[in-house]
Structure formats: C-alpha cells, structure tokens
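First subunit A sits with subunit B, and in the next complex the same chain sits with subunit C.
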Partner chain A sequence: MDKHTSQHLMPYHTLALVLGTLLILTAVTVGVSYVDLGIFNVPIALTIAATKVSLVLLFFMHLKYEGKAIVVSFLGTIFFLAIMISFTFWDVAFR
Partner chain B sequence: MSATPSFFQTPSPPGLTGIKAWLLTHDHKRLGLMYLWAVLFWFVVALTVGFLIRIELMSMGRTIMSAEVYNSAFTLHGVIMIFLFVIPGIPAIFGNFFLPIQLGTDDVFFPRLNLLSWYLYMIGGLLALISLFTAGGFPDTGWTFYVPFSVGTNNNVSLTVFAAFILGMSSMLTGLNFITTVHRMRIKTMGWMQIPLFTWSLYATAWVQLLATPVISITLVLVIFERFFQIGLFDPDRGGDPILYQHLFWMYSHPAVYVMILPGMGVISEIIPTFSRKAIFGYKAIVASSLGIAVAGSLVWAHHMYTSGMSDVAVFVFSLLTFLVAIPTAVKVFSWVSTLYRASIEMTPPLLYGLIFIYLFSVGGLTGLVLGAAGTDIHVHDTHFVVAHFHFTMFGGTGFAFFAALHYWWPKMFGVMYNFKRAYLAATLATVGFMFHYVPMFILGLKGMPRRYYDYLPQFSQGNSLAAVGGLLLFSGIILMLVNLVLSLRSRQVAAANPWGGCTLEWSVPSPPPLHNFVSEPRVMAYPYDFSEIIARESQGK
Partner chain C sequence: MDNSSDATGVRIGMWLFLYSEIILFGGLFVLYAVYFHNYAADFVEGGRQLDRVIGALNTIILLISSFTVAASITAVRRQQKRWAQGLLAFSCGCGALFLVNKYLEWGAKFHHDLYPNSATLVDGPPGQNIFFGLYYVITGLHALHVIIGMSLLAWSLIGVSNGKVNQLHFGRLENSGLYWHLVDLIWIFVFPLFYLVL
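What follows is the complex of A and B.
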C-alpha cells in the first residue's frame, strides 16, 4: 500500500526561479510567433508549451516529489491522451 | 438483528437528526442508499418511457404519440438510462456501500467529496427534468447528440448536454474517490491479490471514469459553444468537421459501456463463487481481464463510425482492435462457467439473476462481433439489430447484474430478507419478456428495419407486435421485482449477518452494518474466496 503521506515544502527561491522561467518562456513564445520558421512553427510552439507544462507539473504541482502511484497515474493519463489523439489520425490522415 | 447500533441509528457527522442526517451525511452507506432511491426513481421513469415507445411501435402509424413526442421520448429514454441509471447504478450504490467494507476500512478517502458527487448527480437529474419543459422541450437528437443536427435543432439541447456535463463531474469524482480509497485506505493486511473481485472491477472502472469522462465533458461544452457562438468546430458550413464530434463523443462513450458493464461483471464474480461454495476459477485472470477490458475498451471507439465517412484504414484498424476486447470478456465468462462446474450450487434469487446475466450478456457479446466486423456492420448499422445487441449487453448485462446485486446485498443493506417466490416469479417474467422483446428486434434489424424510426413498412408488423407483448411481460416482471423488494421493508423478516455464506468482508459485519463498519479488526483471508471455513461451519450445523 502507498505510504507516502509526508508533505514537501518548496523553498521560495525555487518557486521564484520556476516562475521566472515560465515568464521567459512566455516571452519566447510571443517572440517566436513573429518569426516565420516554415514547417517548424507549430513544433517549436508546442515544444515551448510542453516545457512550460512540465515545469508547472513538476514544481507547482509537486509531481517531482510525489510517490510512485501518483507518477504512474499521471503517465497513464498522458498515455491515454496520446492514444486518443494519435488513433484519430488513422481516420484524419487517410481520408 | 445485531445488538450493535446500525448506521441507520448513528448519524455521521454526529448530532444530526431527521432529514439532515441524510442530506449532510458523510457516511458512504447512507450515500449509497441515497443513490439507490434516486437511481431507482430514474430507472422507473426511463423504463416507463421505454415501455411507451414500444407501445407506440406496436402497430403501424400513430398509436399513442406524435412523431415529435416519439423523437423526444427515445432521446429521454436513452439519456436517463445511460447517464442516470446504467453508468452510476452499480458503482454509486453498491460501490459506495461495499467498496470500503470489502477493503476493511470505515469510509471512502474523501467523504465530503462523496456527498458532493451525490448533489451533482441530483442537480444533473434536476436539470434534465427542467430541460423537458423549457426552451423548446427535450432534445430530439437521440442520446448521442450528433452534430450538425444537435447544433441546428430548436429543442433544448444546451440544457440537456449541460445536465450530462454535471453528471459527468459526479461520475469522475466518484471514480477519483474509489481509486484513492483502494490505494490509501485498504487495510494493511490486504495485498493487491486479496482484494475482492467486485472492488477490483470498481477500481478498473474508476480509471476509465477518470480518464475518459473529461473528453465527453469538454465535447458537450463545445456543442453548447457551437450553438451559442457558431464557432465552426463541427459545422461543415463553417469549415468544421462533424466526424470529429463523433470521434470525441465515442472516445468517452465507448469506454463508458465498460464503465457500465465492468461493475456488473464484478457483481457476478462475487455471486457465482458464493452460491457455488467454491473458489472462483481464475481469480488472477479475472483481475487481469478487468484491467484488460478497461485498456482495450479505450482503443476501439471508432467502431461506432464505420458508415460515418471516416477513412477505410480507420475502419480496418478499429475493426481489428474491436475483436481484442472479446478476449478478456470471454476470460470472465469462461471463468464463471468453470466455477459452476462440479460445484455445490445453491439456487437463490441472486444466483438466478446472475445466471440470466451470463446467458443474456453472452448473446449480447457475440452479436457485438457481428457489429465489430466492418463487413457485416455495414448491413445492420443503425438498424434494430443494434438496438437488440445494445440492450442484450446493457440491459441483459448491466441491468440484470444490477438486479442480481440488489438481491444479493439487499439483506446486508437493510437487514431484511425478501420473498423468494415472488423474486423467482419476477425474474422469470422479466427474462421471458426480455427474450420476446429483443429477439424479434434482431430479426427486424437483419430484415432492414432502421432504428429510431417512428413508423415502419407492413413487413415489420409481426416482429413489432411480438416485441410489444415481450415488453409488457418485461415491464411487469421488473415492477413485481421492485415491489417485492420494497414489501420486504414492511414485512421486516430479519436477515442474518451472513445469509448466503459469503466470505468477503461485508459478510463478517452485522446486517445492516454499524457506522464504522467493523466492530473488531477485520480478518483478511489469504485468498478472498476460500470457502473452507464456511463449508466446515455448515457441515457442523447439519
């Protein structure tokens, strides 16, 4: 059974660092939108967004410090989301 | 009855009296009963609407209702049955009541959230009721709310889909509560392979509830947005993709049929060994198949869409994947039958309902293969064949598992026993009615009668008349069953703590259970279906 019950307290400077990184990445997103990178426009925007989401999940939502059950649950969710999106392409990509 | 005060006599939180002790309760058992009465209310409403639909179709032309009322009636029947009865039925009632007890604990992990789930369920039901009488009346779209019709129709689609959205939240929160309870509240001496199969099935179901429900929730919100703001997500006139709606809808709604059936399978996995006095055949295989169904069931949604215009590659892939689901399902059916083989079977109403389940569900499952194969599906798509298949699995399956659960756990929940003769009579009437009701629909479908049509050609008259007679028998049987259960509350024939000789933990506590479920530390057996002690005790008694 999962015995992970202790709380993890984040120091302020770590939170501030993550916040700062998120703000910088937001600025990068806006900046990149003014540059035409051809087919890389969408992948780059998505990469920045995914990085920001990961930071929020890992630090603000404490995923980095959680037990195995929570991490596996989260990865399971991502796995299902990936299936739902990718399997739709069996239709969309071959119409 | 036991000298220990039952949960009926002990409010939680303490000090609450009268109706407040129910409406503000944190006790999972009281909430289970509150769900019971609410779910039964909706079930009877939808059953009656279904019966009226069948009366309408009894003869050609108008019989008792206009075409517009008919369209709303089958939508109402579907929406209530799916969102207010079949999905929440077994998990919300029996899951809430028995999951914590089977895990040897005193409540779910989030008791207040559990109460909130009940209120969300009630609000969702209330909104569905309000949508009947406001802004154009109840939708005529069918329970699937397919675009572009659902975006264009003047009926009250927005409020009804919002009701479904609220009900989805209730379902998700219940799922979250069950997952957390299994992980964090399970008694320390109970390992994963000592968890009873009903709880295992609820655990697998809860994951599907949690992962798939958000998809339908957001999709229904998008339908509302489309209606109010004409965004153009699904409307082809605005560059939208109507097939995308069907993908999003079935991403939830196909896994949802496993939310509907898995807890029913869990109920049967409890009942069969108890009345066979024998360890269940293939405990680990049944656990694996529950999880297997939850996973495989999430990969097959587009088999509802073979004729929608999606790509042939998708038709091929989803047809292939669909056949995978048959494997874990068959594992369960074979395990139940193998448990019965050479067992010391004791016939009781719960077992009778359980056996009827196995038969009806098997027919439903096998006809599902006809629909899963793209070649045959093209011919019977959107015909009465689909209606019959769906009702064999969801009514013959989940419905009869629900009835089996009612008869199995009723003595534990209320501490009273019902009349067996009436229960047998009701089960027989309902089953005979069921067969006469739905088998003609298979034939009508194969002959080409479309579903959801208000009227039909003369060659379909005989089948529809027969189905109406079956419907009457089915309706009578179910009403008799419910009356029999309610009468037991009046006659108060006291039930023992373990009237069936079950060996999961709920049978080790008084009937009805006390507030904190266990009067002493529960003793977890090395194997949850070890009947040796029960058999030894029964032999001594003889």
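What follows is the complex of A and C.
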C-alpha cells in the first residue's frame, strides 16, 4: 500500500483546473481561426495545440510526476519526431 | 515481489507502445505538412468544407472524457468505486458520441460526393483530392483508436466492478487511461490542422 501511495495522486480540483484551461484554449484556437492573420494562422494554431498537448501529458498522463525512465524516453521520442519533421522539411523546402 | 517497481514497469511498457503510436501519427502529420506546403490553396479550400462546429464539439467531448478518465483513477485510489464506475461509463459514452458525430460528418461528406475515388475529387484539383485522402486516412485511423480505447475503458470498467482493479492494483485502468489520453492528444493536432486551416 505505502509503495503505491508514493505514486502521485491527482486531486480532482487539479484535474478540473486542467480541463478548464484546455476548454478555454480550444475556444481561443477556434476564435483565432476566424481572423485572417496571413502566415501566422498556422503557427498560432500549432502553438495552442502544443500547449494543450503539454497540459494533457503533464497532468492527465501524469508525466510531471513520472520517473526518469519515462520522461527521458518520452523526450527522446519527441526528439526523433522533430528530426523526422525538420529533415523532411529541409528536403521539401529547398529542393 | 516489489509492488512499486512492478507498477512502474507496467507503465513503461505502455509508454513504449505509445511512442510507436506517436511516430505512426507523426509520419502522417509530416505527409500532411509536406502536401500543405505544396498545395496550400487547395488545403485551405478543403478545410473550409469541413464542419468546424462538429470538429470543435468533438474536441470538447474528447477533452471532457480525458478528464473523467483521469478522475476515475483518483476515484479508484480513493476507494470511491461507484464514482469510478460512473466516470468510466461516462467516458465510454463520450467515445460513442464522438463516433456518432464522426459518422454524421463522414455521411455528409459522402453525400457531397467527397470520398476516396469519387468523381468530384478525381476530376477536381489534385490538392483537394490529397487533402480529403489524408482526412479520411487520419480521422479513420483515429476513429479506430477511439474504438480500441473505448474497449480498453470498458475492460477497465469491468475490472473496477469485479474488484480486479482496486486501490492497490490499477495498472489496467492506468494504461487504458494513457491510451485514451493519446487518442485525445492526436485529436488536439488533427482538429486545427484539418478544421481550422482557414
């Protein structure tokens, strides 16, 4: 029992707060999409999406409270994903 | 048997699987990004034909269900069995509602002759054909994940009901929850990329 309690327990109010923030960010991203900002529309939408994803990862998936093994391997995955995306774009953009 | 390290190991295993899912959908998003780069105008035109309201509604449904799944873990660990069951049943309901919306949305697209190999898309501009091709592949694969996620949540609900998932052993629920959150994560990117491209 005490072994398990060492694992972080998310209180309801924290989870509700995260949900509230996620819903507000959704409203913002929908609202911004109606405004034509030229080339900035996509980066803004992706920044908001990245913020939402971070909140889900950190709190709903409790990545914030995980040990090194999961945190480092997760960041490693994101690193390789970034390589895949950026290298593809170097190829496509400067061909 | 050390319970603590065991529970961590169970989660690490799930995360390793989730990494492969991230790369799978990441690959599809790269495909989307490259074609968006090549056919920006067609993609914007395609995005205009998608229903922003249904997209936003489905985003809200998934976000709420992610919250209820996370809350059900707290409920199980606080031995509030009834709450945990209710929250999990509600989450499954959210998944079902998501799929109903998806069904209505796809149905409307089919009705407008916008489906793979339809005359409108084949004879139309290539960028739009690619946009809707990616739309069907990515949202279809995502919907498949919603169905799998709902099954896992239902399996966890059974576990909570018969006591196999309890305050000491909740790995099944936790991993099903992680999978469900991943489904939510993917949708968080799908929504702006397809529905909000202007």
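Basically, the second predicted complex is superposed on the first by the 89 of 95 C-alpha atoms of A that agree within 3 Å, B and C clash if a C-alpha of one lies under 4 Å from a C-alpha of the other, contacts with A are read in each partner's own complex, and residues count from 1 in each chain.
FYI, contacts are C-beta pairs under 8 Å (C-beta built on N, C-alpha and C of every residue); 3 or more make two chains touch, one makes a residue touch a chain.
Keep in mind that this is a model prediction, so the values were computed, not measured.
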- Query: Is the number of subunit A residues in contact higher for subunit B or for subunit C?
  - Reply: C
- Message: If we overlay the two complexes on their shared chain A, which of subunit B and subunit C does A:83 touch? Say first, second, both or neither.
- Response: first
- Task: Using the superposition on chain A described above, determine whether A:10 touches subunit B (first), subunit C (second), both, or neither.
- Result: second
- Query: First (subunit B), second (subunit C), both or neither: which does A:29 touch?
  - Reply: second
- Message: Between subunit B and subunit C, whom does A:57 touch in the aligned arrangement: first, second, both, or neither?
- Response: second
- Message: Just to be sure I read the superposition right, which of the two partners does A:18 touch: subunit B = first, subunit C = second, or both, or neither?
- Response: second
- Task: Please indicate which partner A:69 is in contact with in the superposed arrangement: first for subunit B, second for subunit C, both, or neither.
- Result: both
- Task: Give one of first, second, both or neither to describe whether A:95 is in contact with subunit B, with subunit C, with both, or with none.
- Result: first
- Query: Just subunit B (first), just subunit C (second), both, or neither: which does A:45 touch?
  - Reply: second
- Shared subunit A contacts, counted only where both subunit B and subunit C touch the same residue: 1, 69, 73, 77, 80, 84, 88, 92-93
- Message: Show me the residue ranges of subunit B that touch subunit A in the complex, using the header's touch definition.
- Response: 179, 183-184, 186, 188, 207, 211-212, 215, 243-244, 247, 251, 298-299, 302, 310-314, 317-318
- Residue numbers on subunit A that touch subunit B, as the complex places them: 1-2, 69, 73, 76-77, 80, 83-84, 87-88, 90-95
- Query: Once bound in the complex, which stretches of subunit A touch subunit C?
  - Reply: 1, 3-4, 6-7, 9-12, 15-16, 18-19, 22-23, 26, 29-30, 33, 36, 41-42, 45-46, 48-49, 52-53, 56-57, 59-61, 66-67, 69-70, 73-74, 77-78, 80-81, 84-85, 88-89, 92-93
- Task: Report the residues of subunit C in contact with subunit A in the complex, numbered from low to high.
- Result: 2-4, 7-8, 11-12, 15-16, 19, 22-23, 26-27, 29-30, 33-34, 37-38, 52, 56, 59-60, 63-64, 66-67, 69-71, 73-74, 77-78, 167-168, 177-178, 181, 184-185, 188-189, 191-193, 195-198
